[in-house]
Every structure is written in structure tokens, then in C-alpha cells.
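Before anything else, here's the structure in question.
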Amino acid sequence: MGPTLAKAWFRPVNIILINPNTTEAMTARMHAAVAPMIGEGVKLTAITADYGAPSIEGYYDEVFAVPPMIEALKPIANQIDGVVVGCFDDTGVDALRCLLDVPVVGICQAAMQAATVIANKFSIITTLPVSVPALEHLVLRYGFERLCGRVRAADIPVLDLEENLEQATQSIVAELERALVEDGAEAIILGCAGMVELSRSLTERYGVPVIEGVGAAVKLVEGLATLGLSTSTQGGYAPPRKKMYSGILAPYSPSVKS
Amino acid sequence: MGPTLAKAWFRPVNIILINPNTTEAMTARMHAAVAPMIGEGVKLTAITADYGAPSIEGYYDEVFAVPPMIEALKPIANQIDGVVVGCFDDTGVDALRCLLDVPVVGICQAAMQAATVIANKFSIITTLPVSVPALEHLVLRYGFERLCGRVRAADIPVLDLEENLEQATQSIVAELERALVEDGAEAIILGCAGMVELSRSLTERYGVPVIEGVGAAVKLVEGLATLGLSTSTQGGYAPPRKKMYSGILAPYSPSVKS
Amino acid sequence: MGPTLAKAWFRPVNIILINPNTTEAMTARMHAAVAPMIGEGVKLTAITADYGAPSIEGYYDEVFAVPPMIEALKPIANQIDGVVVGCFDDTGVDALRCLLDVPVVGICQAAMQAATVIANKFSIITTLPVSVPALEHLVLRYGFERLCGRVRAADIPVLDLEENLEQATQSIVAELERALVEDGAEAIILGCAGMVELSRSLTERYGVPVIEGVGAAVKLVEGLATLGLSTSTQGGYAPPRKKMYSGILAPYSPSVKS
Amino acid sequence: MGPTLAKAWFRPVNIILINPNTTEAMTARMHAAVAPMIGEGVKLTAITADYGAPSIEGYYDEVFAVPPMIEALKPIANQIDGVVVGCFDDTGVDALRCLLDVPVVGICQAAMQAATVIANKFSIITTLPVSVPALEHLVLRYGFERLCGRVRAADIPVLDLEENLEQATQSIVAELERALVEDGAEAIILGCAGMVELSRSLTERYGVPVIEGVGAAVKLVEGLATLGLSTSTQGGYAPPRKKMYSGILAPYSPSVKS
Amino acid sequence: MGPTLAKAWFRPVNIILINPNTTEAMTARMHAAVAPMIGEGVKLTAITADYGAPSIEGYYDEVFAVPPMIEALKPIANQIDGVVVGCFDDTGVDALRCLLDVPVVGICQAAMQAATVIANKFSIITTLPVSVPALEHLVLRYGFERLCGRVRAADIPVLDLEENLEQATQSIVAELERALVEDGAEAIILGCAGMVELSRSLTERYGVPVIEGVGAAVKLVEGLATLGLSTSTQGGYAPPRKKMYSGILAPYSPSVKS
Amino acid sequence: MGPTLAKAWFRPVNIILINPNTTEAMTARMHAAVAPMIGEGVKLTAITADYGAPSIEGYYDEVFAVPPMIEALKPIANQIDGVVVGCFDDTGVDALRCLLDVPVVGICQAAMQAATVIANKFSIITTLPVSVPALEHLVLRYGFERLCGRVRAADIPVLDLEENLEQATQSIVAELERALVEDGAEAIILGCAGMVELSRSLTERYGVPVIEGVGAAVKLVEGLATLGLSTSTQGGYAPPRKKMYSGILAPYSPSVKS
């Protein structure tokens, strides 16, 4: 069977990478890190939340990260082919899957799926201890509780990754070394979008895959969109029933799925 | 050891039952159903979301149910001893546990805990199929996946329970009978706050416990508050870090835990 | 919706706290610790096993803790509204649920349910290593294997808690500190009825919830009884079939459920 | 490598098959069914509980099945090499493992272990629905929850197997056929000692392995004893601590392990 | 943040799709189905096993599917960037991950990962009942046992998909309809490489995603290779230790990882 | 009920212990260790793989261990009553169960089943880290993930057990001591056939059961064969469908089950 390069009936793929926090510098870093990896004919647009929280650290912040994403994506729902949520808590992914027909994935799920293809066990290194239980819930929900050695916290605030990356890296590296020795981890996942650039250098330094989720998610959505796969509209991701919200939430009222 | 009735050093217990949707009639029905069961010295106050969604049906609506609860509870955080979230999706419970020192519980977790004390296996009957996966995630997260026979949907919109309870009850009853025969269920959980009054009559009709979660949650919070138990501030429920949200979300900015 | 204090059609609630071992001093300590927390109109009666084992340490002792409880409760089955088994192995709870219509709970299940409402993860500190596997089985059966960090033994005999509480506390405290550091525990459960008084002081000393199960169980049963919830008679908790036991066990023969 | 028949330094193996209920006819049937299968040099002695329950049906009866076994086995502890508990609830197995050095196994665990060697999935057919949850707990505890299709009840009292085997067999066969069609079962386990003789005929009739546990348990204990394997005395099966029980339970007081 | 199309420092990606059975027509169909979806700069080469089994149906055939894959891939190990094993049993994937540095994935794992991004629950429809347990083991191992409703068999031999696709499709469709009604499946996975063309038409016919794994796997490997992710060489996928095999297996002896 | 020694209608039991690697010395050591334990009338024949790998270390070697076993066993399928695969990876057990009617068991499954009868928790000590994930998959598949404390590697190549047993034992002992202290293990399993002789001496030295799987598997198969239990032919272990393999694999083509 000879090699084939032909490509057909698929229109250009339009992927949105949305940062649910308001820190544009972080969006820019995510975009810069993954832009070189997107496929020919794929358009990657990075969007930053227009309002809300400058960083997402734990259950409380998560709540307020979803409305700005919905507001940003609703008007362009018909023009896009896939969405990556650029926050390791996979914030709002379920709601966006109801809102949109196209594939939506968070960087946590994408990173863990990639890890389980190239390693028997992985550990996650996130920022603050407050995020550990939320990530453990994702690990469980996605099915990876036996494949995840441990969710570890480097004990650094998210924005230290913007302002003080070098020192933050020290803390990340210390946990990474513990994960390799204590957890039997064969791969490491960087558990925050703000760690996006560390993937390559740490992979080389330690000789094990050190995975960041933004690239994994962008390629995953690119793949699903190319395959023509849409989010199921049966069951839990059915479009939200039409109803009127009141007060300041009125603009978010679900109407017919676009 | 003789019986004891003495009671001491505990101040009156002040419990909030908050309905995260805006339908006041539903709040009133919940309150009426459980008010006769609260203990002496306990004050139960029912609150309805000031704005937002009239009913919560699936992942999308859930997102918008949390801000009004936070806005309502933040100013009175120092005056309350426990909170019940009156929605079977346990919407916003994690965020409220971060915001408040006092015990917070959703009616889903409370109903399932009660069921596992009086039965070896239970099934849940909720409203729409769109809610089933979200409830299955709660079942898993709370630890009850082996004790839950099945999450069933009666295929009725939430507000039909307000407007057309009799007909809705037909659909609920049909699923209940299937659960007893097919699932090995020894108890039934009514999976929507709007079914609160059906508990007693269906229990009598079928001779098995038919549990609704509002009463279970109020008594659970009353108990925990009386015992002086607070939400842990270590780990995932630590108070949110102080930061400024922007735009229309600014009022929800986390400050020092009240 | 205004606060409501009204209470109606519920008769006074009569709860039995039964200690399945014969050590009356332990019963007295349990009773004293929880008596201040019972609700108005609730009568808590503490009963000590009339005969049998002075302490319950492991699988063997457990066997002999059940007959005296059945003998004590059978004659008063019609006069009670709920039962708490005051032993952290939840000894005999299943048999009592078959014998009685009213809710029956052990202090282990009650403590774990409370812990999972106020913390993402808990660890248990029990007395002797011989009890660890039995408790791990309960953790699993009740559904909390992912929410329990670890079951730890302080390596102290149960009756040392009667005779030498201060020194025993040293060992408990050492394990508690390990649990906070090594297990990611956000709450601690004291895994023996004899540790009942330590809850409050250790909570204050460590700033995390340190839960004892007697209070948790009494309030849980009080709540279920107030709600009018009975043990299911369908399936595994059906009343035992009428039959004649022979020999010294004849008095325990199951007759029609009282 | 040529075949070897030599056998050495192992003394004759003395196995006790103990029926925890008082129905001698059932003991005789168990013994008759498995006696032809014991190995040369193995002595199998069948013992019936001297007092207690004529049949064990559910959690309540289970409690009273253990004391007569302990009374029967304690005096001969030094003369035996293994014990089979001939009740599908594996009643008292944990306590006996504490009491005795030698291997102790129940017919439920033995049957399930055998099934998972010769089939990818099995279903269990027991007598009454009241026993299903207890058996499901054993399935879980032994690790077979994913390998067990379903625990089914033929809805026949245990002693009907003595008095009315033919008619009881009709009910068993009906469930067996459902298990093959609905559960994907590749083998069937007969979930009551009283079904011991049905194994061979049903195996032939349906062309799938139909396993009864008495033979499986006897051969398992015979094997372990021959290998010189003893119950661990570390952890949960450590000998019970010496203490005096009071009242009618005094004779069961644990002393030094015999 | 504007859209970006730039692509850089990545060399052309060379992916091998290997069919472990010897049926070239099946390879051709797989290749034809996915070729239109591969990215610019990606070269997809389809290889058929040179010798061995014409179809893989159950545990026995699986064994003999691996040697020809190793023989085919070893000489070109340095020239490839990723491998897709085109058999739904994911046959030999573990061994190939040891042999090769580049990402290797089976179509079963890839299909299930895709399904869990676009649906809350999926069911699998495979060919023969003999394959069901092997697939259930994969479901478990990859972490998807709670997200998979059921593994169903259409009861058709693999090669019927070559010779009699229309009639085979009838059987597949019957199971698909059952899966939607009985399993709560929100997406369907076609559990055999030979069903590759049915994905699009069945998706349209039923309005739910019907996923085939070849495309999913090719895009997954393309993504991982583009990201520069390699199989971990720590732990279970370490290169095989150098040793000499004897007899007809000598050519497969592991040498230094190429 | 008196003891019985009679034995009847069972023909002599013919068991094959097959070593899937080509190292005859290891076969001899396995055979010597277990020969004294086989029952009267049982014939144990040890066979070494005629060709293939001298030792099995990880996923790659495993692949090549199965063909020689099939070649050796196929011609004698009608003359044997059970098969033990003498490799702790349980290599090829599934394929052999399809090929043969008689019970087939690997030493890993047998050792773990034995351990769970005599201990609440066990740990495994294997040779190289490369084998740990493969063994963890077996632990999971067989159902023992909660009963296994940890799979540990002593970091010694398999053939060091042949050539340098004394030094290898040092490494094994070091892990064993850690398992007892850190894992809560009540029994230890030696995770390689080459450790077969260490069972007795380490059991005595540490006072806990140290189990090797060869003896456990031989006695298990002897028991099943004596009971007349065969591998199920329904479902996953159905005989392989008749088909012609091509090339050097032609001799392994499945024909009608012998």
C-alpha cells in the first residue's frame, strides 16, 4: 500500500483557544507555544476572557470563568470547528459542549489522554494545593485514577508563572523529581496552562515525556474536527432548553443551539 | 445509663435553605415540606435566587446558578450556621464551601447518604435525561457508584412539577416501579427538589423508603452545626485567594473569608 | 421566605446509644460527650452490653458483640426510634437493621459521612493494627475508598483509652500529624468510641476538623427518625425469617419483626 | 524433565468441613459430594454446628452461626490442617482465621476463585433475595465485582433444598438460563451449600461450568495445607488478644492462640 | 490575539498504519477511509502483515499477530514518526511501544479517547462474542469502564465485513439501536477495523457520533508526533534487554533499541 | 460425620508445568521445588520451551513466549488434565485456555488467589522495573488491586536468580522488609518463577507467609482437575475458529479443538 497525501472534502479547520482568565500575557504564551504545531489549513485563534478572574485557583474562581467564555463563543458558534479551554481545571467544558456542536476539550483531559498513550503511569504537577482535589475529581471522572500516580502541588500561585517563572520552575522541578522516584511515574504532566513553555526543556533534562496540555488539546481538537466528529446531542450534552434568565444573567439565556 | 435531655453551650442554629433557581413557588414548597421537621432552637430561612435561571436542567443552567447564591450568602456569612443548596445537582456546593466556614450540603449528597444508612441499594429518579450524566458524576464523586442501582429520568421538565404535578407523578411512578423490579433498589431517591412532597405518599404506597433530599439535607446540616463541625480550610476548601475580578463579575471578587 | 420554627406531627424521638462492649465507663463517656448536643424532644438512652467482651479489637471480638445487643434491643423494639451502635467496627449493624424497623447506624459510617461533607479527603486513626483491615472493609463497603487517605493505627489497646488516656493521646497525635502531612487529609476521624472526648481539643489544636463518630451518629439517627425514614424491609434488611435456634442460642430465635 | 510422583516431608492432611447450621442432612450431602475428590493421605471430617440456626438466610442468622463453629474448632485446633466453612455467606471465616493458624476458607470465596480461572465472567445463583446484598459484599471484598455478572436469587428457602430439591431445581434452572443470556456469564456458581449435588448434572445439561463451592474449598484448603501455607498472623488475622468475656459468652473468651 | 498559521521546526511526519492480519483488502479499505483526513506534510503508509492470520478473532489469533508487525517495523524504526495498529484488540501495542521510540496507538484506545471527549457514555459494537472479554479488558485497562455502557457483539465473523458487508451491517445496526435505548450510550464505537466505512453513514442515519478507530488513531498519532512526544523509556516501555532468542524466533531477538 | 478417605471415578491426573522460557535449569528448579507436594495419583511433567527467549522480562519478550508453548501442548492436548504456565507474567494463559479444554493457570494468578485466602493484603516482589506495569495489569484484571499493597522490583535480571541467587536474595529481602513496613502487607508474593526456592526460608525468617506461585498453581490445577472442572467454551475462551495462518506461522493455525 503506497503512501498517500491526498486530502479532500474538508474545509479549513477553525480552532479557538480560549483562556478563561483575563491575563492576556498567559494567552499569548500559550498561543506562541502551540502555534508552530498546528496543521496546514488550520486556523488557531486565541481569545482571552474579557472580564472575570485574572487567574483560576480552586473551586471558587472556577465558577466565574465560564460566563465570559460563553459570551465570547456564542456569537461565533457557527464559524468555528473546535474549542480548547486553556485552563487545567477544564473549567466550563461541560457547559460549552452543550452550547456548541463542535468538539470542546480542556487541557487537562487532553494531556492525560496523551500521557496514557506514551506511558503506563503519569503524575501531575499543579500550582497550589487548593487545586489538587478539583484535579483529582477530573482524574476520576475521565477514568485515569489508576493511571495517575499522584496529583502534586508545587505550591506556587498561578501568576508567579508569569512574573517569576525561573523561581517557580525550581519548585516544579523538585516535585517532578519526587514524582519520578516515589510515584513510579513514566511521564509528567504540567498541571497549569502557565507552565506551557517548560515542556520541552524538562523533557530533555529528565529524559521522560513532560507533557503540557495546550498543544495536546489543540492537536486533539484539530484531529476530531478533521474527522468530522461532533459533540453528541443525545443525553448530557443536549443543547440547553430555551428559557429566559433574569437580571445580569439575562444575556446568557440559552436559546436555540446555534 | 439514664436518658438525658440536657443541652448546653450551643447557640441557636441558623440554617439557610437556598434555591439556586428563581422560582419562588418551588422554594416555598421546599420550605413548607421540611419546616415541620426542624429542631427546637433551629431557625430555617429559605432564600430564592434573586436572578438567573427559572429552573436548572443540565450543565449549562448549572453555571448560572452559582453567582446569585454567592451574592445572597456573602453578606450574611457571619450570621449563619449552615447552608442547604436546594437543587439536586448540588450546584455550587464546592464554591460555597470555600466561601463559608459553616457546613454546606446539597440535597443530592444528603439524600444518598440517608439512603445508604437504611438500604443496601438505591435508585434515583430525576426529571430530564439531560441531567442523568451530571448526577452520575455526583454519584461517583460522593462514593456511591456501587450502592446506586441506576439514575433514571422520568422525562419531565422541572417546571412541570410546579404546573402539572399530578401528570408528572405518573411518569415518576412508572420509573419507580421499574427501579424496584429491575435495579434491585431497596430505596428510591427523588432526584429533583420539585418532587419534595411526593416522598411521604410514595413511601406509603410502595412500602419502601422514598427519600427526598431537602429534609435529609436540612437535618444533616442541623446535625453538623450542632456538633460544631465546620468545613475544613485545609486543601480544596481553603478560602479563595484575594483577587480582583473585572467587569460585571467584580462584585463577586473573593476577599478575606468572612 | 421568612424563618419558621413550627414543628408538628412528630412524636418525641427516642434514641438508643448501645455500647456493644461491657465497659460501662466507656458508655458513660460517650453519653456525656454527646448528651449536650441532642435536640429538644429527643431522649437519648445509653445502654451497655450486659455480657460479652470488655473491648472489641478485631474480627474475633466482633462476633461476640452482637448477641447482647440483640437481647437488649428486642424487647424495646416498639418503643424506640433509632439506634446508634457505639463501636467503630459498626458491629452488628446489619443484623440490627433486619431486627428493627427504625434507623440503625454505626459510628464509623456516620463519621465518614460527616467527613465527606466538610472535607475532600479524610484519614482515620484507630487503636490497634488488628483493626485496620476490618475498617478498610467498611471504608470500601460504604463507598469511601477514594475519599479516605489512609486507615492508621496508633498502636494502643482500646482500654488504654480508659486507663491511660493522656499517654494514648500522644500516640494518636503522632499519627494525626502524619496523616495531615502524608495523606493529604483535610479532616481526621477518631477511629474508636473511646476517643470521643478528643474531638474538640484536637480540632482546636490542629485547625482541622477532628471528627468522632458518636455525636455524628446520634445526630444522623435523630435526623432520619425525625424525617420519618425507616430501614427498608425490601431485600437485604428484610426481617429474619421465623425459625427456632437451638441450644444456648434459642433465646435469639427470630420471630415476627416487632 | 520426567514426571515425578515422589512425596515427602508432609504429614497427612487433616481437613475439617464445618457446617455452621444445625441441619445434619445438609452436612451429610456436602460430605458425600466431595469425599470422592479428596487426595490420598487427606482426612476430611465433616462437623455440624451443635446448636444455633437450622439454616442461614441473611445478616441476622449469620451472627449466630459463628459461636458453635468456634466452640467446635477450638479444642481441636492443634490437630487440624485446614478448615472449610460450608456456608455460602462465608460466615465467621474472619474470626476463624484469627483463631487458627491453618488455612480457613469459605465456599463462596473458593467457588469464585475457581470460576475466575476457567471463565472470564460468572454469575451466582443463591436462594433468597435477602442474601443477595450479603453476597454482593463478599464479591466486592474478594475483588470479583468486575468478574461477576450478577448475583441472582432463585427465591427458594434454604431448607427447600433438603425437602423439595426437584422443585427448587426448577427455579435455579430458570435463573441459570437468564444468567447465560443476560449476564454474559461463561460459568455459573451455585450460591448455597445445599445445591452441592447439582453441579455435575447442570454442567452437563448446559455445557458450561456450574461450580459448587464445597469441592472447590476442600481442594483449595488441601492445596494450601500441602504447601505448608498458614494464615498470616500479622495484621487483621493476628490472634485475638487475651481477655475475659462475661456471661454466657465466657466460654468463648480468647486465650493464647492454640 | 490574532490567528496564526505559521509552522516551523517540525520535519514531515511519517506515520505507519499496520494491519496485523494478512488481509490486504482490509488494509486498503482502512487506508482509503482515512487518507483524506491526514494533514499536510504527513505521509501515511499502510502495511499489511506479511504472514500470519487472515483475521484476528479472540485471544488465540492475537498471539500470532505480533511477530509480523515487529518484523515489518524493526528495519524502518529510524524512519518513522508514529505507528497505528489497525486491529481493535490493540494487538501488540505494548511490545511495539518497547521496540520503538515513537508513539504507537491501537484503534481501540484511540476510538475510546475520542468518544469520551464528545460524549458522556459510549457503547462498543464488535464482531464475535469471543472478542468481548478481550475488549472489556482493554476498556478496563485504559480507564474507561465507567464511561463504556457495554461491549456488544453483532455476531459476525471479521471477514464477513469484507465479503458480505451489507448483511453484516444489518446485524451491527440492530446492536447499535439496542445500545442507544438500553445502555444510555451517547456515542457508538465500531469495534473492528473492518467496519471503517460505516462511521459516516451511521452517524448521519442515527444522529449520534458513530466512531471508527482508524481515523481517530491516525490523527492521534499525527498529533503526538507533531508535538514531539515520544513513548517513555522509563518503566514498562523501556527497550527490551538485549538477548538471543533461539530457533525460528531468533530473528526477533531484541537488540539495542533502534 | 466420620472422616472419609475413599476416592473414586477419577482417573489419574496428568499436569503439565510448562516454562515458557528456554532456560532448562529454571524448569528443573521449579519442578524440584514443587514435586514433593503433588498428590498421590497425580503426574507432574515439566516442559521447557523448545525455542524462544532465555528469560521473559517485560512486554516484548512475552510475545515470543507463547508459540513454543502452543507447539508443545497441542499434540498432547488429549492426554493432559491441566496446565501451569511457569512465568509470573502469566504469559499466553488466555491463548492456552482457548486451545485446551482443561484448566490452565499462571503462577501469578495462583499466587494471588492463595495470598487472599491467608492474608488481608499482600505485596509482590518481582525482578526488574520493566515488569511492574505488566504485573499491575494482571493484579487489576484478576480483581486484586485493593488487596495488593504494591508491586515492587528488586532490580535484578531474571537470570541472576540462576547465576547469582545469593546476591539477588539480598535485593529481594530489602524490598520484602520495605513491603512489611510501608505497604501493610500481611503476606509477600515472590514475583518470578526463578525465586521458587526462597519461599520456605523467607517464610521462616520473617514469620509471614512468603508465597511462590509454582506450588500454588500446581495445587490449584490439581484441585480443579480433580473436581472435573474444565475451561468454559462459552465466550472469550471458545476454541479458536478454524483458519489457515501463512508463512512461518502456518504450523500454529487453529484447527478443531483437540
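As written, the chains take the letters A, B, C, D, E and F, and residue 1 is the first residue of each chain.
Here is the rule we use: a residue touches a chain if its C-beta (ideal position, glycine included) is under 8 Å from a C-beta of that chain, and two chains touch if they have at least 3 such contacts.
Please read all numbers here as calculations on a predicted model, not as lab measurements.
The fewest steps needed to get from chain A to chain D, moving only between touching chains, is 2. Of all the chains, the one whose CA centre sits at the greatest distance from that of chain C is E.
One copy, chain B, sits rotated relative to the other, chain E; on C-alpha atoms the angle is 120 degrees to the nearest 5.
Remark: chain A and chain B have CA centroids separated by 30 Å (rounded to whole angstrom).
Per-chain CA centroids place chain B at a distance of 25 Å from chain C.
Residues of chain B in contact with at least two other chains: 97, 120-121, 132-133, 140, 145-146, 184, 186, 235-237.
Chain-to-chain contact here is organised irregularly, matching neither a line nor a ring nor a star, and falling short of all pairs touching. Applying the touch definition to all chain combinations yields A-B, A-C, A-E, A-F, B-C, B-D, B-E, C-D, C-F, D-E, D-F, E-F.
Note for the complex: chain A touches chain E at residues 1-10, 24, 27-28, 31, 35-48, 97, 103-105, 109, 113-114, 116-121, 142-147, 180, 184, 186-187, 200, 203, 207-209, 211, 215-216, 219-220, 222-224, 226-237.
Residue ranges of chain F in contact with chain C, taken from their complex: 120-121, 146, 184, 186. Here chain F touches chain E in the complex through residues 22, 50-55, 57-64, 66-68, 70, 92, 94-95, 97-99, 128-134, 137, 140-141, 157, 235-238, 240-241, 243-249, 252, 254, going by the rule given at the top. Within the complex formed with chain A, the residues of chain F that make contact are 132-133, 136, 140, 145.
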